[in-house]
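Got a structure for you, questions after.
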Amino acid sequence: MALDPMTLEKLADISTATITTVLVKKGLRNVWMRGTRPLRTNQPRVAGSAFTLRFIPVREDVATPESWASPRSSRAAIEVMPKGCIAVADTMGVTSAAIFGDILCARMQQRGVTALVTDGVIRDVRGVLGTNFPVWSQGVAAPPSITALTFVGWQEPIACGGVAVYPEDIVVADDDGVVVIPKALLDEVVSAAYDQEQMESWIMSEVVRGEALLGLYPPNTEAQARYKEAVRKGLTTFKRPKPKGPKQS
Amino acid sequence: MALDPMTLEKLADISTATITTVLVKKGLRNVWMRGTRPLRTNQPRVAGSAFTLRFIPVREDVATPESWASPRSSRAAIEVMPKGCIAVADTMGVTSAAIFGDILCARMQQRGVTALVTDGVIRDVRGVLGTNFPVWSQGVAAPPSITALTFVGWQEPIACGGVAVYPEDIVVADDDGVVVIPKALLDEVVSAAYDQEQMESWIMSEVVRGEALLGLYPPNTEAQARYKEAVRKGLTTFKRPKPKGPKQS
Amino acid sequence: MALDPMTLEKLADISTATITTVLVKKGLRNVWMRGTRPLRTNQPRVAGSAFTLRFIPVREDVATPESWASPRSSRAAIEVMPKGCIAVADTMGVTSAAIFGDILCARMQQRGVTALVTDGVIRDVRGVLGTNFPVWSQGVAAPPSITALTFVGWQEPIACGGVAVYPEDIVVADDDGVVVIPKALLDEVVSAAYDQEQMESWIMSEVVRGEALLGLYPPNTEAQARYKEAVRKGLTTFKRPKPKGPKQS
Amino acid sequence: MALDPMTLEKLADISTATITTVLVKKGLRNVWMRGTRPLRTNQPRVAGSAFTLRFIPVREDVATPESWASPRSSRAAIEVMPKGCIAVADTMGVTSAAIFGDILCARMQQRGVTALVTDGVIRDVRGVLGTNFPVWSQGVAAPPSITALTFVGWQEPIACGGVAVYPEDIVVADDDGVVVIPKALLDEVVSAAYDQEQMESWIMSEVVRGEALLGLYPPNTEAQARYKEAVRKGLTTFKRPKPKGPKQS
Amino acid sequence: MALDPMTLEKLADISTATITTVLVKKGLRNVWMRGTRPLRTNQPRVAGSAFTLRFIPVREDVATPESWASPRSSRAAIEVMPKGCIAVADTMGVTSAAIFGDILCARMQQRGVTALVTDGVIRDVRGVLGTNFPVWSQGVAAPPSITALTFVGWQEPIACGGVAVYPEDIVVADDDGVVVIPKALLDEVVSAAYDQEQMESWIMSEVVRGEALLGLYPPNTEAQARYKEAVRKGLTTFKRPKPKGPKQS
Amino acid sequence: MALDPMTLEKLADISTATITTVLVKKGLRNVWMRGTRPLRTNQPRVAGSAFTLRFIPVREDVATPESWASPRSSRAAIEVMPKGCIAVADTMGVTSAAIFGDILCARMQQRGVTALVTDGVIRDVRGVLGTNFPVWSQGVAAPPSITALTFVGWQEPIACGGVAVYPEDIVVADDDGVVVIPKALLDEVVSAAYDQEQMESWIMSEVVRGEALLGLYPPNTEAQARYKEAVRKGLTTFKRPKPKGPKQS
């Protein structure tokens, strides 16, 4: 199921850092994938519903060439991925064999898949970078998946980077990594995160003006009043001002 | 499906070391679980069909007390385990929360389950040892599963200790650890392994007599002839003789 | 500050497994030390107030022989440990140099220290075992602390096995490892844990009688009523019955 | 022994990803070094015969200043490296001391060495980058080798990144990492890899045209026929077309 | 205490590689932080006095919102950091929660702090990069510190990346990582390092001219004489010449 | 070369803990193998000259059955091991395949080899325990060496558990693990270690009498005088007295 466009637009402005802060306040501490990082710097932030993939260790009697034409292959899974989803692949953290190369990434891109997220690795990295298809992974490896992994199914609950991912959970990925928002919590998380981003951009503007941290971050009653006044006057912007320190002059 | 009694009896005399040697000759190198070891020393060797269990990382919004009465709980899985199976639990190697304690082990024992194998850990270790229920695990931890893990299902293909396990694969466990025999290969593996155990017991008797290794292990043509002669004369026993070195006098 | 004798007596009957279950219900998930295990099997359970010790990596210009007579040495710390405390040593998980050997353990025992807990290792293991002084550690290593560690102070907040320990927190250690109870929560934890131990011993007796798990563990309304009846009739004992499975006959 | 120029030229067009696929079909699964990655992005692919170097852990009584003038030093090894070889250094994966800095890399470059590959690290990274000498390593570290390593010899069989390397094996390194081709298999691997690269570039062109994966990758009989037709018509190019997805417009 | 400007200027020209070489000659082998690397490439080298920060694992009963206004917070520590110091934060190597984000980095920059060094990670990485505030860390993570860490104090002896750091030790950081110079050794280290840098730049010029390594690096009596002659004639420059190998033409 | 009997006898009374203390005073910090521990508890201390063995990762084209009859096999190495040596096997820490099983251990025992030390693992553990042949290893694994390792030679310098071992170095192993004494330092190490053992046994007797640590351990001038007096009077014994603490009564 695709996310509605307005939510997607909002999510594009909310950092994974902010989302984790909102989720920990709701008691969810384990929502950020360990080890999984963007393939390129300055990859734009992405958001989408999770389409899960699951791999287990290879066994030589199962991983025969005949099995490649199996109806339960990663190729078959790609052909049923819906537009706008984010493919999330559980490899149990195996980093010595790649799950996908440039051809499969190109096909996902053709189908309108938003991004690939995995706690494993990809191959043909120059080709994948050439497609501009966004990938978050543990890096790259030359060997094909069949040297170490067998694909066993899709749209099951999985683990990825130590985090539980259920089909249709919302995945957000940016420079700080990948977080998972439980589907049922999406609306309240987006709302609270939006408010927090706005307040932090005001706090940053205060810091840039030279204000000290105590009482400001987190804001005490007086600072909260000043913030509300700034909001009322339309003086806050959602984007954080870029600080200019004494070093940059 | 339970193993037939004759195969079970044979497997009781075949070490996991020998099984891995037979399997590598068939091209299967990844059949021994890393990290998983017997809970007590001198635990007898066990064999049985795998009954698989799968856990993923916990998420606080899912792991509510209400979920404990879920029809998809580890307790429900235990109540459908067949007599003579070996429960094999995939925890993705998590060792900071225990999947089962003494009560669940006691119930598995009551139901005739042969053993528990996991790449995770168990708790109430003194109580579990008290039941004599055989366990292979990465050790023990006090915290209950819900501090780190969620149970998601049974009889799926899983990973355990880096090895693929499919439901009904044959699991053999002893002091050297746990190995998985693909179901389709059971008969030929048992047959070849039985032959090898017999020959190695003869080689050991030769070593104990003071013979040098070269030409004997692996045996060259001359040694093979001597071995065949020993078999013909009924001079071989299946059990390896205990060597007595100069140190033990 | 020593624990009062009645609380100590109760803690001797409560497993670390049960304490972690009680604490996770209060929202505390990270209270069990990773990697730290009993030096010997069947070491009795211990409990006491934490007396913390802190080590950092060695630097050759600081770890001079002169420094050994420093007023800030581990020897000085031992001489101020109160009777009944448990020494808890933070080594940042270093396992290639031992913090204490048999002489320092013997001295702690002389002073009435209850036990030593560390995420590092000890040396002279045969001598330490000879003293019967209870130790929980990551194992043993021959090298003295000065090959890798410098002692920097005592009774500071520390990390041990990934868990925060504040001076005077209550430490309980048994076969399942070591848990920390925040000082302020001691009374309510002991009370809730005592109740749970009693109920689980009744559940175990039911399992041993052949009862199935569903509805029993966790108990539904009907099972809870039966439990209360058993308590009323004085039919429950605190100690868990030892199950006897079909394997033991 | 230098590789013949034609083989070198072909290897420049064959990715390490393709080589690993060809080798796994011949039963060789462990040919890709774990942990070893290019020092800079967009480093050109290199190939050459392995010239092996071996380090073991340092011991203070051996690593004296006098030993630096030893005839068995890494400097002596560099002075006998043949033109066109790839230096492959086994450090047992030590990453806290660097084996070479900018001066030794500059000297290797002067001698016509093609590249340095190691499962350890290098130092003076800015200087090394300045030389443009290609390096694959686990990264960088400031300390010199003598803080942790001793050089023991060259042109022995070694381990590098978990892979066996024998002197004169062929080493190929690109953005996906480093692979080793056993010397005896070079010709058949190059031939098979060349064919596969060509077919995959055709498959990529089909994917870019919008074709689905099933039946295409791997190609079924019909797709193979279409591929052969394309080859016959000279419609295939060796270089993979760059996909253009809906995101790039 | 700020470093005097002349020492600072000299340190800007001395690489961490050279400092570790000088320190190992004085018997100090453990001065380079493992895992800690520059946040951006081509970050300029920095030097300053260490201002230490210490974190321990979080515990949910301590990490309450009320605690954020504590006088012992990381915010309070930042407000007492002196101009020109380098903040060094001990997180016990935790990489799943970030200690600081863009707001706190901006404030440190405002206060004239030279850089942040940690064996943990930071968040809001794009924002932090935007400030140009120099950071050495193990990378980035989205979650805030309170998901895994509690701040406990400043200006204590700490561990960072496996290295002991005492308040006021001198920290130097560049592309090869971060090294710590014990305060008492600063002058002699700077002096010896300066001499070594000069000699190595002469050796590099010799290598670029085509000289072989043996007798040159390390220099024998004859090479030392040639070096002294070059110094006398003013033919040495402090900056290393960039080698031009046969590959670059 | 076998050790002379008197040195061997002395080494039997000197703990590895004491040897590491003596060696660190001579500046040798890295002499204790990480990860390598005794196969059984209460294994007697052993000492002998190192006979080194070296393994590298397996490659399927090399590890053919024909290679087993190679003159460069581990079997050939065993047949040239001298009486009284300690076999030390470098497996680069691989723990998923065993280097030796009960047959090869029995043969080493027959040849008078004192013990086996490895940073890898062994198999047929029950059989090996049955021989009483002493083993220090990282544990056990069922798979034979050829699933992961290839033997490449003997009596070369090796790494074992992170420690350099040269042929003929002296190896001592006990409950605290395995240490290496450089051959050239043997006599002075034995002498200094013997003195230290004697003094520590006196210190232990003082601690058991109730003496406090400060001034005693390490001993100040007054304590040294008392120790000398005790030696003069023949009141010291080499064996440490067993402490009796308040817990043992």
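The first chain written gets the first letter, and so on, giving A, B, C, D, E and F; residue counts start at 1 in each chain.
Just so it is clear, contacts are C-beta pairs under 8 Å (C-beta built on N, C-alpha and C of every residue); 3 or more make two chains touch, one makes a residue touch a chain.
All of these numbers come straight from a predicted model, not from anything done at the bench.
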item: Both-way neighbours, i.e. chains that touch subunit E and touch subunit B; value: A, C
item: Mutual neighbours - chains that touch subunit B and subunit C alike; value: F
item: Same or different contact residues where subunit D meets its copy subunit A, judged by the half mark; value: different
item: Chain at maximum distance from subunit F, centres defined as averaged CA atoms; value: A
item: Which of C-E and A-E has more C-beta contact pairs; value: A-E
item: Chain centre separation (subunit B, subunit D; CA means) in Å; value: 39
item: Whole-Å gap between the CA centroids of subunit D and subunit E; value: 31
item: Rounded Å distance, subunit A centre to subunit F centre (Cα mean); value: 50
item: Residue numbers of subunit F (touch at least two other chains); value: 27, 29, 31
item: Pairs of chains, among all present, that meet the touch criterion; value: A-B, A-D, A-E, B-C, B-F, C-E, C-F, D-E, D-F
item: Complex interface listing, subunit C residues touching subunit B; value: 15-17, 19-21, 24, 29, 31-32, 34, 37, 42, 174-177, 179, 200, 203-204, 207-208, 210, 212-214, 217-218, 220, 240, 242-243, 245-248
item: For the subunit B and subunit A complex, residues of the former touching the latter; value: 26-31, 56-62, 92, 150, 152-153, 156-159, 162-164, 166, 182, 184-185
item: Complex interface listing, subunit D residues touching subunit E; value: 65, 68-69, 75-76, 78-79, 95-96, 98, 101-104, 106-107, 109-110, 112, 123-127, 130-133, 139-144, 146-148
